[in-house]
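Sharing a structure below in structure tokens format, with a few things to ask.
Chains: A, B and C, in written order; residue numbering restarts at 1 for each.
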Amino acid sequence: MSSHAEPLGGPALGKVSKWILWIGILGVVLILWRFAVGLGRSTGLTDGYPWGLWIAFDVVTGTALGCGGFAMALLVYIFNKGKYHPLVRPAILTSALGYSMAGLAIAIDVGRPWFIWRIPLGGFPDMGKYNWNSALLEVALCVMAYVIVLWIELSPAFFEKWKDSPKEGLANFSKKAYGIVNKLLIWIIALGVLLPTMHQSSLGSLMLLSGPRLHGLWNTPFLPLLFLISCIAMGYAVVVMESALASRYFGRPSHTSMLADIGKVAAYMIWVFLALRLVELVLRGRLGLMFQFNVFSLMFWLEIICFAVPAVMLMNAQKRQNLGYLFRAAMMLVLAGTMYRFDTYLVAFMPGENFSYFPTVPEMFVTIGIVAIEIVLYVALVTVFPILAGRSTTAEAH
Amino acid sequence: MLLPRVVKGLSSDEMLGRGVDRRDFLKICSIAAAAVGLPAGAGVKMAEAAIAGQKPSVIWLSFQECTGCTETLLRTRFPGLAELILDLISLDYHEALMVPSGHLAEEARMAAMEAHKGKFILVVEGSIPEAEDGIYCMIGGRTAVDILNEAADMAGAIIAIGSCASWGGIPSADPNPTGATGAPMILEGKTVVTIPGCPANPYNFLGTALQYATFGTLPELDELARPKWAYGRTIHEHCPRRAHFDAGRFALAYGEENHRQGYCLYKLGCKGPVTHANCSVQAFGEVVDAWPIGLGHPCVGCTEQKVLWQTSITDTVDIERPTNPDTYPPIGAPQGKVGAVATGVAGLVAGGLLGAGYAASKKLGDEPEEEES
Amino acid sequence: MAFDRRSLLKGMATASAAAVASASPVKAARERKVVPEDARGMLYDTTLCIGCKACVRACKEANDMPADTSTPGMENYDAPTDLNEYTKNIIKLYKEGDRRSYVKRQCMQCVDPACVGACMIGSFRKEKYGVITWDKERCIGCRYCQMACPFNVPKFEWSSLNPYIVKCEYCRQRAGDKQWEPACCEVCPREAVIAGTYDELLAEAKRRLAEHPDRYEPKIYGEKDLGGTQVLYLSHVPFEKLGFKFDSEEPVPEMQQTIQHGVYQGFIAPAALYAGLGVVMWRNRKKSGLPEEEGEA
């Protein structure tokens, strides 16, 4: 028997750390300030570097970190490894929150967010007349759709709780909705695999449009594929970290051996990633760039090392049964994936030697605040709704 | 006697009698027309009008004035004052230049105004006091306000010469005890051409007056009723020292080296950028450089009501429409900032997260394995 | 062992191969764009430019733009250091030892523009005469155009709460006039920059190169660079010294759009993948009795 999911119980914000709540509030205040003074005064963005921390981290890395749901859906529903099912719902929650926060980040990063509604509405008023050639359009539409799909995928957790609500209307609605979602589950999950495949790879090809201004060590037609592979690996890493932390802080089963298996999958994915990356670079004659002793080659090798180390770590069948070891490997993999995205969007982007960029302190605290908000919402939702795998009374015979 | 001549005008015989032949007279008129920017052919028309005895009547009223504007008019050469008042206009009333005084003068004025009603040019020099029913300037027992209103009702064109008549000038400076103000403010609703300046550039007046005298039209006026051809640009826009401004070469104190080099006087408080006038291109009395900047003193903005008595001479002014300097940006000018504090904060946050993660991992590793369920 | 290593590797290999096959450099799946028939542009000749900046002033007036007084120490001047939200046209100076050249920078009016390829909402369009226009009614301010343009041309109103993108649009607001010429070309006292049809300008540039080969670098910048631009340059110093770093003939959007079109052409691949995923899950459910309900044990 798999453990049935159980809420933590108690008041919604009962288990939320006060510190994190305050940081989240600070983030909200700074977001309001950004709208009051404009992007020029609140961020370090300039015409040389129009995309900065909020895009590179909150959107691009944030969505990659939210690929846990995608990665688990692949494993459990496509490759049919039902054993890992208890890890699915928390992963979907992390993904739903991650993508929602990425959406928030987009809304505060663009200059005229009040026009965002035009994107799903077909570029209103000229319906359908937007630019179908734009990779960014694909990303935007896909991400918008995927956020909705994620919350639908998560909705059974809500309906399960609300089914037993004393409010009759809510209870009836929940029972009905629960039934509908389950009927359509396959097709919803299929979307939940298709959409991230599309937009995570497009997030990679986005930077190809910088053309000659993207450094040769990152400028490859395989960028979409590399982004896709690394995001799935990152998804697994996030599942490991999130599971481990939830078990430590909320006293739930840690599923260490399951996580170890997932770690192994992640390791294989990293090997494919590295092979593709390095072989392709060598075949295209970029060996010279790798050894130039400048910022680019330094960051490149740092990336490679940050990917290789967890891959090696996770190949060790024995050691990876230790949750702490797993956690460190996963952390490093997350760091590597983050570095890869920062490098593609910021380091490899070469507008000209006279341009420089570093986020301002308020800019950084908006990002930190958004992460804090995500954590607050995560804790609140697992407290109220049955998401985390509960304790069980019987041991499972594998 | 000047009076009869001024009133009656000259016939060509009379002119010849004076020893001026027709060709010379045409030359005088043409030079006068050209000097004040009237179109070609105006000189001829002027001459014809003068010879035909159609010299326009001019009534010149003086109120709270220092007579500086009249004085500056005396020093022109094209036309000189003699040519002007003898040949081109009929100066029927001017307290400084006319012979009669007292009641005789006032009678002559009324007679002239009646005779040329609707056609004479009314010139106002000096400000008009309004305080306490206008008692601070009275001529012949009547207030300036009264005199002005009466004359303006009968005039063909009204020209206010000088800053005092245009907007109040010196008498209007704080605390303005007499309530001094300009002619347009008294004559609301009427077109009053203003020729501000302290003194006004005589050619600005001449150009306007002669245009009206010859063609019966007034030049295009701006929103303060100043002729655009004279007041359409700021001093800054046609200053001989502008190249120094653009290149960033400034005089820093009177007498120091840069000042001696004739550099831009902006830093000494030049009001050129906010002063509409043509002193730099229309010399006063034909002496080039006989104006403040030409002599090495910043412009004080004597035409502008908001500048002259409202700012200190040493105050620098904002540039209304900044233009390009005489320098060039490089091919790749630096842009963007890497803040030290921000870098530090980023380092702390990143380090903190990694450290906390590592510490957490240690704790996780120490916990006993949970039973799989 | 929860996983069959072989099956895992096999699955990944096939998936990767499929992805690689579709993502590998596809030759001309996307046709190269050509100069539009009615294309108009500019020809700028550094040997004629005297750096008077009349074009900078004329551009400001024609486009109703404020002065840029933000350069430190130059608060009394309109002294931008680069194109920016207040400046659509600028003259820069290259000086190295004895070599000097002015260079005029503004939108290059590319034949295959990166900005047009980037803009998801269709705010950037290449329209009449091949002029690249920007529509303020549609723009969201995402700044992808800035990430795309190889010449760093589109600028963003960072100081505004309703920020627009600012770039030279060939003075299209003057399009009502009989002879529509950009203000900069109209005002240049030495015809260092001239406007005209692309064909005329290219012919003129070639003529100058042919007649005075000693005067110029042996190249017309923009003839083929990055797919061609409608603003052409002749120079007496090497072009990269003037800030023209790129001379590949490949248009900027080519690689990305080749990949995107290859994958998403007619939406076939995504639809097929979706169907495939659905089928796999259906059979999985039958095979291993997956819980019917999402939360079921």
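The definition used in the following text is that a contact is a pair of C-beta atoms (placed from the backbone, for glycine too) under 8 Å apart; a residue touches a chain by one contact, two chains touch by 3 or more.
Only a predicted model underlies this, so the values are computations on that prediction, with no experimental measurement involved.
Ranked by how close its mean Cα position lies to the mean of all protein Cα atoms, the top chain is C. Ranked by C-beta contact pairs, the top pair of chains is A-C. Per-chain CA centroids place chain A at a distance of 30 Å from chain C. As a whole-number value, the distance joining the C-alpha centres of chain B and chain C reads 50 Å. Centroid to centroid, with C-alpha atoms defining each point, chain A and chain B lie 68 Å apart. Touching of two or more other chains is recorded for residues 1-2, 46-48, 258, 352 of chain A. Listed for chain C are residues 82, 243, each touching two or more other chains. Across the assembly, chain B contributes residues 332-333, 335 that each touch 2 or more other chains. The touching residues of chain A, when paired with chain B in their complex, are 1-3, 44, 46-49, 244-245, 247-248, 253-258, 322-325, 327-328, 331, 335, 352-361, 364, 368, 391-392, 394-396, 398. Residues 1-2, 4-5, 35, 38-41, 45-48, 50-51, 77-85, 89, 109-113, 115-116, 118-119, 123, 126, 129-131, 133-138, 140, 156-157, 160, 181-182, 185-187, 189-191, 193-194, 197-198, 201-202, 205-213, 221-222, 224-225, 228-229, 258, 261, 264-265, 268-269, 272, 276, 349, 351-352, 386 of chain A touch chain C in their complex.
Interface residues of chain B, counted against chain A in their complex, comprise 332-339, 341-343, 345-346, 349, 354, 357-358, 360-367, 369-373.
Only residues 2-3, 8-9, 11-12, 16, 19-20, 23-25, 82-84, 114, 116-122, 138-144, 146-148, 150, 152, 155-163, 226, 243, 245-246, 248, 250, 252-253, 255-257, 259-261, 263-264, 270, 273-274, 277-278, 280-282, 284-285, 287-288, 290-295, 297 of chain C touch chain A when the two sit together in their complex. By the touch criterion given at the top, residues 246, 266, 319, 321-325, 327-333, 335 of chain B touch chain C in their complex.
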